[in-house]
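Take a look at the structures below.
What follows is subunit A paired twice: with subunit B in the first complex and subunit C in the second.
Coming up: the complex of A and B.
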């Protein structure tokens, strides 16, 4: 596991162990080096002391040239197990007597060197002048091994290891105990954070356990929670207000919609009643009092009746127009080919507009509200029939083409057409480009087409040349 | 107080509409036994012999057909229709609704409540004939059956 991913407790434990190990190791090395140094110095001093004693003891033996005595003196070195070799040279530098602790291969120097001790290859060796009253009688050679230091160092190593393990154990226990003061506040913080994110309850606070950095962190954390709680409650309040506002607006809209509905209802019922009376009684006048009316009277009654009928149609169209925007827009796939055939069949009146030459191209299916699209076809095809009706040979062409992600449908006729200068008025309610004497109409049909198509996500436009015909286009998103 | 047999009960609050309807029916000789009430309340009093018509003999308050306007003050046509169709005494009387518009959303409601047909005003002979033909009352148009003449 990566160090960064370890739990804090393990991390701290490792850090403490590492520091402990480094400190102990460095201390051990220093101690060890110091010990070696001390030991070497003391060994040298000791050897020098022994050398001085032996040398002073050996003066007689050398003075009287008695190697036996010398041997005896030297053999006293047996009590010092680390002295592996010793020998005496006479004043001429010739080997006089020697001592070897065992019969090992101890090479004795052939002639005495200068007095003093030095270390060499695991040994300490040196020469000591044998003097009597500043007269040199000979030279003593002593050689000691380093066994003593190794013995002592072994003990030191043992002690060191013991200290090492004990200190590690102590460190472990101390970390375990002391760590609680660090890990407990952290864990408490983490616990609080988890509780908040789980329950979304921002009123929870973490308990502060001390005035250290973790205490400061806990304080900051709690302050942050205060702020979040405040913002949360603000947000909730805001949301509530918004919801209330939406509810109020919806109610308002609903009541407005209801008002509108009852308005249309009263338009359809109450406005129609007087019209019915006018039409009805005018008809009675025409039927039953025909003989009492002169030509002008008859013309006037017919004008009254025609206008009343027109008024009725205007009311119907207006109602259809206003009802359209309140209708659900339920879409489904429409077979345009079948729909156009159906609309065409319903609009062709035998003996009236049979002479029209139809040319219907390919019409791909679309996804839209069938009732609405049917209304569009009815209005557009109806218009073409109406405005081409005065031609010798009326022609109506219906077709489609793709344009980007839309399909464009068109209805083209060779009828009266319109003046393109006024084409912006074509799709507005009650705006007409022809007088009622020329062509009947209420000025609602194309406005309805425009409204339907824009609701379906398309657009409507038209081209024309006055007297030569018109072409109306509408686009719908590709199914 | 009426004491003749009623064939057609016309429930219509608008006097002009009523006059035109009666005129049309009369012209086709169908209004001889027609009785006109001015609103839904009066219609219910007539049919159930209450209020103004408490003394109504049963034979008189059983019209062969009811022409019922939907939009009326006080008790509207839908409520009258509901009362007629929920009472075992009157539920068999055919009811033809009179409406101002083909697209009246109330038409569906009326059919659901048991209306037998509807006519769009102004009521002309053709549409009336069409409506009652569907109900098997064609003889009423002629009003010729000897047994009905009292």
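Coming up: the complex of A and C.
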């Protein structure tokens, strides 16, 4: 696990342990080296002291040629188990008496060396002059092993290990206790932050545990929470206001819209009654007062009737347009092939447009409102029949193709066509590109088509060249 | 100094011979010369292990005198040993006395005298004068002498009468006493 990812408590514990270990280790090494140095010095000094005592005691033995006495003096070294060998040389350098500890095979120097002690391969050895007053009587040789230092270092290592573990235990306990003052506020802060992010409850506050940096952090954190809570409540209030406002406005708009629709419906509807009267009475005038009217009168009544019929159609279209908004958009699968045949059959009037050459391609079924789609086909096919009527051989082609997730249907004719520059006007209500004299119409049909297809989730567009025919496309989502 | 080194060499050579012979138990009948060489060395060494009262020297540089009365068994050998040696600032010298009456100023007195009466006189005279008396007569200690040489197991050893030493206010090193036989003869009336 990466150190950066550890919890703070473990992190601090590890830091304390590491420092503790380093300090103890360095201190241990320092004391160890010091101890070794002190021990070497003291071993040398001790050996030197022993040497001086033995030498001082051996003077008479050497002076009066008593090797037995010398042996006795040297054997006192038994009490010092680390001294492995000792011997006395007389003043002529000849071995006079020796002492060897039981368990060692020590080789004694053949003749005395210069006074002084030195370390050699795990031993301390050296020579001491034996003097009585100023008279030199011989030389003492002493050899000590370093067992004492190992014994002492073993004890030292034991003590060191004990101190090491005890201090680690103490450090662990102290850190556990003292860390609480650091980790508890942090953990409380973290807990508060988590509670807030989980429950989105900004009313929670962290408890301050001291006046240190963590206390300041807790204060700042709580202040931030105050601010967030305040802003949150402001925002909520604002949101609520906005929602209420939108709801109110929507209701307002809906009612206005409904009023408008019912108004236009009733207007259109109510307009039909007087119109019917006009048509009826004009017909009566033509039928029953035919002989009483001169030619001009007959023409005028004919014009009145024609315009009245036209107005009636206009009102019908407007009614259809406004009715569409009021209808529910109930979708079902539509057999387009059958629908197109039906529409075609209803529009073909014997003796009028029988000469049209029809070409109907494959039309896949779609999922949409059948009444609406039927209206679309009626308008588009009707337009094609109307605008190709003046051609000698009118042709109407109906087909479809897939485009992404939509199916595109088209109705193509070889009629009058239109100027593409005005194609943006095509689908707007009461916008016409031809005069009523050229082609009669109300200017509502294509607007209705556009409205229906938009509601079904598709789009409408057209291509044309003036005099060479037009092609109208509409797309619907694939079933 | 050269002389001393030469003597030490001679000494070493002779001691080596002596030690060689000591191994084969012929020392009892060894040449008197070798025996007395060792005794001479011992005699000098006694000066190193003995403390004289301060008033036995008149000045700091006054020599410590090893006196020989009567027959001199050492020849010039003793002189060669002590030559150049010191005892606490006092040069060690050897003096030979024909008459024991002259021996009052010495510090160590060795004598080899057959006449018991004369021996007794010398011993009594020496006691008051803080003189360490040394001899190899068998009855020496009984007569109030202090140090007596004797031969045991082919080796030269010595006996010491501490009482006699104390009477003469001489202080013998315990180290010397370690290698000596302490003999206390009954008090002489």
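Methods note: the second predicted complex is superposed on the first by the 334 of 479 C-alpha atoms of A that agree within 3 Å, B and C clash if a C-alpha of one lies under 4 Å from a C-alpha of the other, contacts with A are read in each partner's own complex, and residues count from 1 in each chain.
FYI, contacts are C-beta pairs under 8 Å (C-beta built on N, C-alpha and C of every residue); 3 or more make two chains touch, one makes a residue touch a chain.
Note that this is a predicted model, so its numbers are computed, not measured.
Engineer: Which chain, subunit B or subunit C, is in touch with more residues of subunit A?
Structural biologist: More residues of subunit A are touched by C.
Engineer: Which partner does A:277 contact after superposing on A: first (subunit B), second (subunit C), both, neither?
Structural biologist: first
Engineer: Going by the contact rule set out at the top, does A:92 touch subunit B (first), subunit C (second), both, or neither?
Structural biologist: After superposition on chain A, A:92 lies in contact with subunit C alone.
Engineer: Could you tell me if A:463 is touching subunit B, subunit C, both of them or neither one (first, second, both, neither)?
Structural biologist: It touches nothing on subunit B or subunit C.
Engineer: Touching A:66, do we find subunit B (first), subunit C (second), both, or neither?
Structural biologist: Only subunit C; A:66 stays clear of subunit B.
Engineer: Kindly classify A:269 by the partners it touches after superposition: subunit B alone (first), subunit C alone (second), both, or neither?
Structural biologist: Only subunit B; A:269 stays clear of subunit C.
Engineer: For A:335, decide between first (touching subunit B), second (touching subunit C), both and neither.
Structural biologist: neither
Engineer: Which holds for A:397: it touches subunit B only (first), subunit C only (second), both, or neither?
Structural biologist: In the superposition, A:397 contacts neither subunit B nor subunit C.
Engineer: I'd like to check the shared interface: which positions of subunit A are touched by both subunit B and subunit C across the two complexes?
Structural biologist: none
Engineer: Within their complex, state which residues of subunit A touch subunit C.
Structural biologist: The touching residues are 56-57, 59-61, 63-66, 69, 91-92, 94, 132-135.
Engineer: Write out the stretch or stretches of subunit C touching subunit A in their complex.
Structural biologist: Residue positions touching the partner: 8, 11-12, 15-16, 38, 42, 45, 48-49, 85-88, 155-156, 158, 173, 175-176, 178-180.
Engineer: Which residues of subunit A touch subunit B once you look at their complex with the stated criterion?
Structural biologist: 268-269, 272-274, 276-277, 279-281, 284, 316, 319
Engineer: Mind listing the subunit B positions that touch subunit A in their complex?
Structural biologist: Against subunit A, the touching part of subunit B is residues 14, 16-17, 20, 23, 71, 100-101, 103-104, 121-122.
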